[in-house]
Amino acid sequence: MSNRFVKRASEKSGLPPGTIVHVGDKRTEAVKITVIDYDKDHCQMKEITDVEELLSFRDNPTVTWINIDGVHDVTIIERLGRSFSIHPLVLEDILHTTQRPKIEDFEGYIYIVLQMFYLSDRKGEHDAGPEVISEQVSLILGPNFVISLQEAGGDTFDPIRMRLKASKGRIREMGADYLAYALIDSIVDNYFVILEKLGELIEMLEDELLADPGPDTLEKLHVLRNEMIFLRKSAWPLREVLNRLLREESGLISRTTQIYIKDIYDHIIQVIDTIETYRDMLSGMLDIYLSSISNRMNEVMKVLTIIATIFIPLTFLAGVYGMNFRYMPELSWKWGYPFLWLIMITIGITMFFYFRKKKWL
Amino acid sequence: MSNRFVKRASEKSGLPPGTIVHVGDKRTEAVKITVIDYDKDHCQMKEITDVEELLSFRDNPTVTWINIDGVHDVTIIERLGRSFSIHPLVLEDILHTTQRPKIEDFEGYIYIVLQMFYLSDRKGEHDAGPEVISEQVSLILGPNFVISLQEAGGDTFDPIRMRLKASKGRIREMGADYLAYALIDSIVDNYFVILEKLGELIEMLEDELLADPGPDTLEKLHVLRNEMIFLRKSAWPLREVLNRLLREESGLISRTTQIYIKDIYDHIIQVIDTIETYRDMLSGMLDIYLSSISNRMNEVMKVLTIIATIFIPLTFLAGVYGMNFRYMPELSWKWGYPFLWLIMITIGITMFFYFRKKKWL
Amino acid sequence: MSNRFVKRASEKSGLPPGTIVHVGDKRTEAVKITVIDYDKDHCQMKEITDVEELLSFRDNPTVTWINIDGVHDVTIIERLGRSFSIHPLVLEDILHTTQRPKIEDFEGYIYIVLQMFYLSDRKGEHDAGPEVISEQVSLILGPNFVISLQEAGGDTFDPIRMRLKASKGRIREMGADYLAYALIDSIVDNYFVILEKLGELIEMLEDELLADPGPDTLEKLHVLRNEMIFLRKSAWPLREVLNRLLREESGLISRTTQIYIKDIYDHIIQVIDTIETYRDMLSGMLDIYLSSISNRMNEVMKVLTIIATIFIPLTFLAGVYGMNFRYMPELSWKWGYPFLWLIMITIGITMFFYFRKKKWL
Amino acid sequence: MSNRFVKRASEKSGLPPGTIVHVGDKRTEAVKITVIDYDKDHCQMKEITDVEELLSFRDNPTVTWINIDGVHDVTIIERLGRSFSIHPLVLEDILHTTQRPKIEDFEGYIYIVLQMFYLSDRKGEHDAGPEVISEQVSLILGPNFVISLQEAGGDTFDPIRMRLKASKGRIREMGADYLAYALIDSIVDNYFVILEKLGELIEMLEDELLADPGPDTLEKLHVLRNEMIFLRKSAWPLREVLNRLLREESGLISRTTQIYIKDIYDHIIQVIDTIETYRDMLSGMLDIYLSSISNRMNEVMKVLTIIATIFIPLTFLAGVYGMNFRYMPELSWKWGYPFLWLIMITIGITMFFYFRKKKWL
Amino acid sequence: MSNRFVKRASEKSGLPPGTIVHVGDKRTEAVKITVIDYDKDHCQMKEITDVEELLSFRDNPTVTWINIDGVHDVTIIERLGRSFSIHPLVLEDILHTTQRPKIEDFEGYIYIVLQMFYLSDRKGEHDAGPEVISEQVSLILGPNFVISLQEAGGDTFDPIRMRLKASKGRIREMGADYLAYALIDSIVDNYFVILEKLGELIEMLEDELLADPGPDTLEKLHVLRNEMIFLRKSAWPLREVLNRLLREESGLISRTTQIYIKDIYDHIIQVIDTIETYRDMLSGMLDIYLSSISNRMNEVMKVLTIIATIFIPLTFLAGVYGMNFRYMPELSWKWGYPFLWLIMITIGITMFFYFRKKKWL
């Protein structure tokens, strides 16, 4: 699982900086380029295959959203880079799909990297709940265009497409900056979905822990803990990204949109808070688990001790009267045998009450 | 319990920002709108049903306090928003009742979100003490009005209503900012009540821990620890809210009122201090609990070991003289049997003193 | 013990801010007001009963130190407030005796709250060392007066009274700010006395821990740990108070006195350092304690295992030759019995050396 | 292993500052000085033996890269220092090869110390994975030259040499600052290679931990934990170095190059993130390990307890009927023996179901 | 050991501030005052007995280094204070020998307190390695003089004396600030010596821990951990001292010397880094220790369980055939006895393979 953190980065080691090589393993069948061009009054949606077609959109005054699903085709990215004069380091980052969220200011555009999360079934392993998978989303925000690049085309942006088509909300009336905001917002909203699901898992685990903990519980705890580490690694820099967007002074983001960005900023802080809270709760649960193992071992020990301390002395007595000494007066007493039973039962009962007093029973 | 942290946030995921949807589960029967309009000389209190009635209050120079119990009726909130020109994101936050405390500056008004706590009986579970429940309170402070919105009408604000009616203290002589202060103060005061109750529970638990800890103790510890995590999650941002109120420069808060706000700021710091102290104490108590389990297991082991090490050799001896060898000279000795008893008693006493020396007895 | 942290704060909940109610439980028999009025040449000390008498002292140019022992008499505090025009929130804080150390700037005076510590015997509990008790001291520093208010009149300020009478050191030559400094200094000095005593207790505990730890040790550890939490809760804000006194620009504190305050600032940092060090040491000691329990359990287990593994096989052998089969050739051998003894002794010795090799003996 | 952290620093203690003494243990056979002199159009590579030869390169306008493999020859370093007027403290740091990464601004040049890591087989120890070894690299960046000094000539810089020769990428078109950037970049890239390898080890260890943990696992965990401490110690200051390079205002670093340096800065933050994540995961794994030991002990205890509690009572019964009392009526019952077997089997089966109910089986 | 932290500070409690009382326990036989007066061309060294002799040195333009070994003679310190017009609080700090490192700016001089460390044999205790002892060194840096005060005259400054006499390095050419630098440098260099020694101890302990841990190991771990706490307590403020020296603007420290001070600053950061790393490693070692105890207990348990589970059933069988029932057909079977042996051996072997499969053997 740990290789989610450093994916084949070493393959690139030694290449000149700015070399455009794809690093990642999510490949859609074919790269899909969709353009949505809109202003208040009209909205046109179109799937294109040739990057050069984009040039006309770049230069007209309407807002253009170019969405690219699949970043493994290096030539397309390179031609896109040339068309929109994107810095080679940005192109490198787009293809190297394990960036931490960051924001970079360039002449004429802002480059934002985000991680989008979804849950996926964990295959082959015993049921340890769903796995959190991340996918890199790159956004390039220019004066009147937004380019979004996803590793694998997901459906997270579909509601935004619908809103654009239906002209619902204020999205059609506002600029490219608001579109970028809407895209980021839908990614951050997704965190809540993930966290809610994980929260349910934690709750179920908590019940299991208090009712009937087993080694299985421990493994689930471990998996959830790692998921939190994974989410956290991406949520903290996202906060910084949004903070810098808020204090952005390039003129690409309008004052009105910044109010909305402040709202996502609050959301991401809430996300971070929740992650930290879950971590806290999980570490508390580990303590409980360890205590419960100890408690159980205590139970086992008590059973052994009770049985052993009651019967060992009795067995000793039985052993004594099984000896073959010629001169053992007790053996020929008439009431010797029942009397010994009496003694043994007395010892047993005494022990029983002793343990009851000690609260072992 | 963990779903206290992320309540059905996912339901909203995908909707356009600023969409006004109620997220929460505390619903009073009907929304209740109460208006208190006062200045130094008069004070009028009135329950209204139509939001438009509020407009007259908005425009007169007296201080107006509009209190709304229940935020699940979306139309009322929307009409309120239009009447007082509240930003749609604020309306969204009012209805989405799991905000972390925050403050936001808008043209003409300040929007503050707070969490109010009360204790409630934990149902269905074995007696683990009361549960801390939170309710979101939104405040909108304008030049001459305060709008307060509660999820469920509680009685926390009743003393302030009484003071207004009775014209007790300086509240009638001062502006809307002082009213907002008084509302926040009563919420922060409530923290102390909760903390005092939790402090008592901790103290009781500490006594139980040192006297007679059981698995039950552990669960109570766990529950209290989670309550602290829950309170803390809300107290820290509240501190930030008050700090920003102190440095507020919109002119909505007078210099005189800021002295009072400084006072609440000190209180919330004391609250945070106490929460951290309790957390510290609870984690210390967990260590004690773990040690006491180990100590107890030690006790159990010692009992077993003492019994076993005393009787096992004796049983062996009895076994030896229970053997049926034809030529065992000891068996026919006249004093063989009493002599063996002597040996066995000597072994027993020696062992006893050995364990006493080792401080196991 | 935990209710040291939030004392009956809830009693006040719901009252209007600035309401003057006494919260605390240390009450001297009667409130005692002492005035010391001095300049370089003369020094007059006087016990007064009527607050109005103080007015003459307020207006003359000499330095006046008003010391009030006992703050439970609300009327006296109120009349004092009126005489020296103290803000009602300050009066509230004076009476509410669980403030965390803080400093507040007002027009014409500075208000400082401190916590003074002393050790007291812990009653009713098994000998867990002395308990740290705190008492709130309020200081009001004006241009030519200092008002000090203590919950219960202690003797901490006696040396300062002596110095004033004897005109020892530079105290008589300097202003009210130096007097305030001297009072704070004597309170901070007291921390060292407490810490030294606690340091000795830690040292004794450390010796006990390495020599002969018991459940008693654990409880002492727990108590000391809580004392540290308690001290720390007051030392950290005190640092902030002194830092703000250093950067004070109201003109009430002269440049010369600030050099002295820098000195107390260094002391309180040393206090905090020491508290943190002690906390570190105590948490290290808990680890040692836990290890020593485990070690001891190991010892117990070894004794049991050695005895059991030596005798169980021997008992088995004895059992075999106690069987009553008709055809057991060994039983009728002449040397059967001594030969079996030989075998059993051999087994015993082998086991012994086996355990010795494993370093269990 | 710990002496990786403070290498023979004490040897130097007491010497006057700026004394040039070599501290370190990596010595190549002979010091090797290579000069690469290039501009856009030509590129000359040459190995030299006399430091004075370098003077001509210093003064011409082309970019000169002087690479020195081996820093143990004090005279060479001293003559280099004189030729390029390097401050004696810099020379001291070059030779003292356990510096933490740092950057220092001097008149006319910038001095940068870095640590380069590579993996080496751990000799003599049981297979605990490869060891992380560090080598100090010093860079001196002047207006048109870069001097790089390595302890032992590695091959990390080879790709850069190739790029220079082949005129690949933009390296030949840019100044000495870009060359310095390229060198640092190749060092930081190396971190990813190390981390990826360590990540694989962690993953393998995680599998081992969940499947079949042993004392061996613990040692590997310990070794990996120490490697993380070691890497972290160097990564954190490297971040600071790059941050200061970004804010460098000496004019030695062009605006264009700073964009590239921002890129390495992002990389090192990713490195630090990953290290912290790995630390987190390793400490989580230790908890799992401890729990699994406890679980296993629980298993052992259960086996013992089951066997003992089933057979001890039975053995007692057998003992009873092995007694030699003259009057034991059961012994002469016809069905006594089979009946006793019946009882004993019943007890055994009852016990079995009892343990099954308790989930011990 | 804990009283290393607060040494008899309480003795001073209650005295007026600035009271000059010696607090400490290191007393050389007699106070020794040495003066070294030098400039570029000459260097005069002299031991004096009368403080007034120093006055002539104070006023001449050459650099004067006054070294005082032993600070327990209050009169000497007082007369020194008067001669060089030192603030009484400084004199108080010189005598109160448990200051944390600090720097203070006064009119005409800078006062610096440092802690110098050396290792000393730990007396009376079982071999737990050397103890770290601290000694306070006070430096007063004036325009052309440095006064250094040590508790007990050590030989740390000897190399500097030698360099002055021999005119080695640049020390004779530079001012009093460079001398102060050299003194501080030699103290910081000493940290490396201590850390290297402690590093070796940690390494030895690590080997012991992995090879053969015992309760002894734990105590050594505890002692080393406390030494780290002790060193750390002094290293952190030293960093602050050097940082403030770097930003010193009194004109007493020249720009050239500040480059050298930057160098010590880097060293102390390296010291702090190393201390933190050691703390990290020691806490990792404690975890290993705890795991190894648990592992060992597991071993013990397994031995017990194997022996008991093999022999208990066999003993039971032997017990059965030792019973005296009249009607036990097996007893009279011809092959009963060898057959039983066969059964018992089969059981034993089965158990053996069972445990082997469970990897207990």
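Observations, loosely collected:
The letters A, B, C, D and E name the chains in turn, as written, and every chain counts its residues from 1.
One rule holds in what follows: a contact is a pair of C-beta atoms (placed from the backbone, for glycine too) under 8 Å apart; a residue touches a chain by one contact, two chains touch by 3 or more.
Just so it is clear, the structure is predicted and the values come from calculations on it, not from any experiment.
Touching chain C and chain E together: no chain. The two sequence copies chain B and chain C touch through a face in which the numbers common to both fall below half of the numbers used overall. Between chain A and chain B, the centres computed from C-alpha atoms are 26 Å apart. Centroids of chain B and chain E (each the mean of its C-alpha atoms) stand 42 Å apart. Across the assembly, chain D contributes 290, 294, 297, 301, 304, 308, 312, 315, 319, 322-324, 328 as residues in contact with two or more other chains.
Going from chain D to chain E and on round the loop of contacts, you meet the chains as D, E, C, B, A. The residues of chain D lying in touch with chain A in their complex are 159, 163, 168-171, 181-182, 185-186, 189-190, 192-193, 195-196, 199-200, 202-203, 206, 210, 259-260, 262-263, 266, 269-270, 273-274, 277-278, 280-281, 284-285, 287-288, 290-292, 294-295, 297-298, 301-302, 304-305, 308-309, 312-313, 315-316, 319-320, 322-328, 360. In the complex of the two chains, the chain E residues touching chain C come out as 1-3, 5-6, 8-10, 12-19, 87, 89, 99-100, 102, 104, 215, 218-219, 222, 225-226, 229, 233, 286, 289-290, 293-294, 296-297, 300-301, 303-304, 307-308, 311-312, 314-315, 318-319, 321-324, 328, 330-337, 340.
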